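Please read through the structure below; I'll follow up with questions.
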Amino acid sequence: MSVSVSIENVSKTFGVPGTEFVAIKQADAQIQPGEFVSILGPSGCGKSTLLDMVAGLATPSRGTVSIHGQPVTGPDERMAMVFQQMSLLPWRTIQANVEFGLEVRGVGEAQRRRTAREMIDLVGLNGFEEKYPSQLSGGMNQRVAIARALALDPEILLMDEPFGALDEQTRRIMGIELLRIWDKSGKTIVFVTHSISEAIQLSDRILLMSSRPSTIREIIDVPLARPRSIEDLSSETARDIELRVWKVLLEETGAK
Amino acid sequence: MLQFRVSPNLLSILLIQAAALVAAALAMNALGGIFPFLPGPTHIVEEGAQLLIRPEILQDFGVTLLEASFGLLIAAGIGISLGLVIGSSAALVSFANPLILALYSVPKIVFLPILMLIFGTGMGPKIANAAVHAAFPILLNTLVATRDTTVRHEKLGQSLCMTRLQFATKILLPGIVPPVFGAIRLGVGLSFMGALLAELFQSEAGVGHLVHDLYNSGNIAGMLAIILAVLVIIVSLNGIMAAVENRFSRWREI
Amino acid sequence: MATTGSLLAGHRAFPRNSKRSQKLGQLIFVVGFFLILELLVRSGILNRLIIAEPSRVLLRLWQDLFTQELWTAFLVTFWEVGVALVMSLLVGLVGGGLLYHYSTVRKALQPVLVGFYSAPAILLYPVFMTLLGPNSLMIITMATIMGAVPISVNLAIGFGGIDPILLKLGRSLNLRGPRLMGKILIPAATPVLFAGFRMGLTFALIAVIGLEFLTYSGGLGRLISWRYSIFDSEGVYAAIAIVCCLAMAVNYALGVMERRIVNRF
């Protein structure tokens, strides 16, 4: 099988020459089709910038990001994004929010409606179609955001700290839901997070970034069986991974 | 090492301002071609240079400045004290707010005849009109800020067993400074507007009267020069107030 | 500047609607105010040449309602305000979009624009009078200019306040130009648009009534200054009351519309 997302020698600098700073320096990674990969790193290390470059929302200063061997030059129909928080359009109902991406891409109304219903059903929000985002909890809103992205039927789902604003319990439960949906749909997921336990709970592999100028310092396999139970997540393997990640993070941030 | 560098942003802002000035001058020139009575930019500048050194003209500016300042002072006094009183009680706010908002939407110029009936002629009605124009935003902003600050920090005050006086001096007053100051800045322009409107209608003295006079004597260039001078005065007053505001409310997000 | 925006936004945090008992209280307060005024004038404490008794004003108002004079003036003002409002909104929308897009230009011009709409603009009326004559066209033109400037500045600030994540969403779906405007920018800015609408109305009213008042060119503003000039003080008060009612009614209608649309989400 061909590589789904390929990040080759990617660097990103910001600012004008003379006062520029290097956000990302020579990042390299390969993501396989159907894989669940997390990008984890110290805060401010450019995780979201890296994801934006994959999404075609930012251009690398050097190096290339490619999807199935074709370089990314801009937002691409094979990818859909889920953002950090409150990215729903507050003036649209849940149904209309889920339809939004399809509407923009010019899908007909009947088809749109049907797909949106399916997706709302998939994320477990039956009966909330006519509500507005402000009437739903934060967790439910993020389900809608996921449904909106899935409705586009992308090959690759890019998620930028989608559960970052949720409390720990809701976050866990959303993770379980996401894995269920991922399992059903077989999509490739690139997931940015700053939570170590979330990365372990969800991913096949963790891309661990260093602090600025960031690079991908380590790629850590998470060899836990799926579906992952609470026991699996507190097993020795899981704890070893957590320890390893923590050591790197502490080293990177200069803490002892 | 100390280094001075003009940031590219500031530079482009200055460039755009210069370009806008040139564009305005060119536009005046072009308009002068269509409407022959409109003077060209150089003519306006010349006329302005001649007018703005004459003592009687400066006196007119003094009159308007005085009226606007007194008006603003009265507006601030009434607006802030009334706003503090009403804003300190939730019940009073929900009682008074709809009434204030209703009055707020009325163009204040309609009250000018009443003010002229009450205060007669001279500076009185101009000061009053300036005050009426400037008072509402100050009152509303004080009221909203007082209520906001009280609600937000009430529990903190209680948990520290603060007295009402302590709460007022340590939390409430510092908390409402930025929005109230902002409203006063808004009031500068409004009090000028009030004073000028009254002077235009009851033309006795001041810049409004001056503009009227220059227009009637056919000196359009002089009139435009005076209007530009008013614009410069208001923009500079605004700038000074904004600088003071930034100095005293650095903690506030912009 | 930010102040105007926050001032307008501030209103929304507070109830426009009050409970029934409160409405009654407000009514009693207003009626009581006028009753006391009536008593003060009748007892001679306040000069009746300066303050007309509310009862006489009310009577005059009632009589006015059957005169051609009042309705003609009312229609002229209403029409001028309406046209000026629509025009200044259209110009303001375009201007706001441009100032938002070229934010450096906005930063450069904002102080001058804000200074301009506060006072000097009205001083230009003799020029416009010469250009266009003392008629509705002159009033509408000036009112449009006076309204469009603050609306542009405030809309630009409002557009700038849109959550950047929504813009990112738009970009990730390849939305650009007019489609981005229609699908995201304008709906997201609806509350700001309404604030702009409200501002436009305020400025259109100020400009129209003020210019009618100053130039005697018809409408309710001219009615007030005409009655003032013939020392018809209760007539002045009656006309002022009508302007107040017009302003409050239009503002109230706008408020209801705003709540229907904005507060739904």
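For this structure, a couple of remarks:
As written, the chains take the letters A, B and C, and residue 1 is the first residue of each chain.
The rule is simple: contacts are C-beta pairs under 8 Å (C-beta built on N, C-alpha and C of every residue); 3 or more make two chains touch, one makes a residue touch a chain.
Heads up on the chains, UniProt names are A = ABC transporter ATP-binding protein.
Quick caveat, the model's predicted, so the values are computed rather than measured.
Contact counts per chain pair peak at B-C.
Centroid distances from subunit B, each centroid being the mean of CA atoms, peak for A. For this pair, subunit A with subunit B, the centres built from the Cα atoms lie 50 Å apart. For this pair, subunit A with subunit C, the centres built from the Cα atoms lie 48 Å apart.
Mean C-alpha position of subunit B lies 18 Å from that of subunit C. In subunit B, no residue reaches two or more other chains under the touch definition. Annotation for subunit C: no residues touch two or more other chains. Within the complex formed with subunit C, the residues of subunit B that make contact are 9, 12-14, 16-17, 20, 35, 37-38, 93-95, 97-99, 101-102, 105-114, 116-118, 137, 140-141, 144, 147-148, 179, 182-183, 185-186, 188-190, 192-193, 196-197, 200-201, 207-208, 211-212, 215, 220, 223-224, 226-228, 230-231, 234-235, 238-239, 242, 254.
The part of subunit C that touches subunit B in the complex is made up of residues 1-4, 6-7, 10-11, 13-18, 22, 25-26, 29-30, 49-51, 104-105, 107-109, 111-112, 114-120, 122-127, 130-131, 201-202, 205-206, 209-210, 213-214, 221, 224-225, 228, 233, 236-237, 240, 243-244, 247-248, 250-252.
Here subunit C touches subunit A in the complex through residues 163, 165-166, 168-169, 171-175, 179, 183-184, 187-188, 190, 264-265, going by the rule given at the top.
Residue ranges on subunit A touching subunit C, taken from their complex, read 55-57, 74-75, 80-81, 83-87, 89-92, 100-101, 103-105, 132-134.
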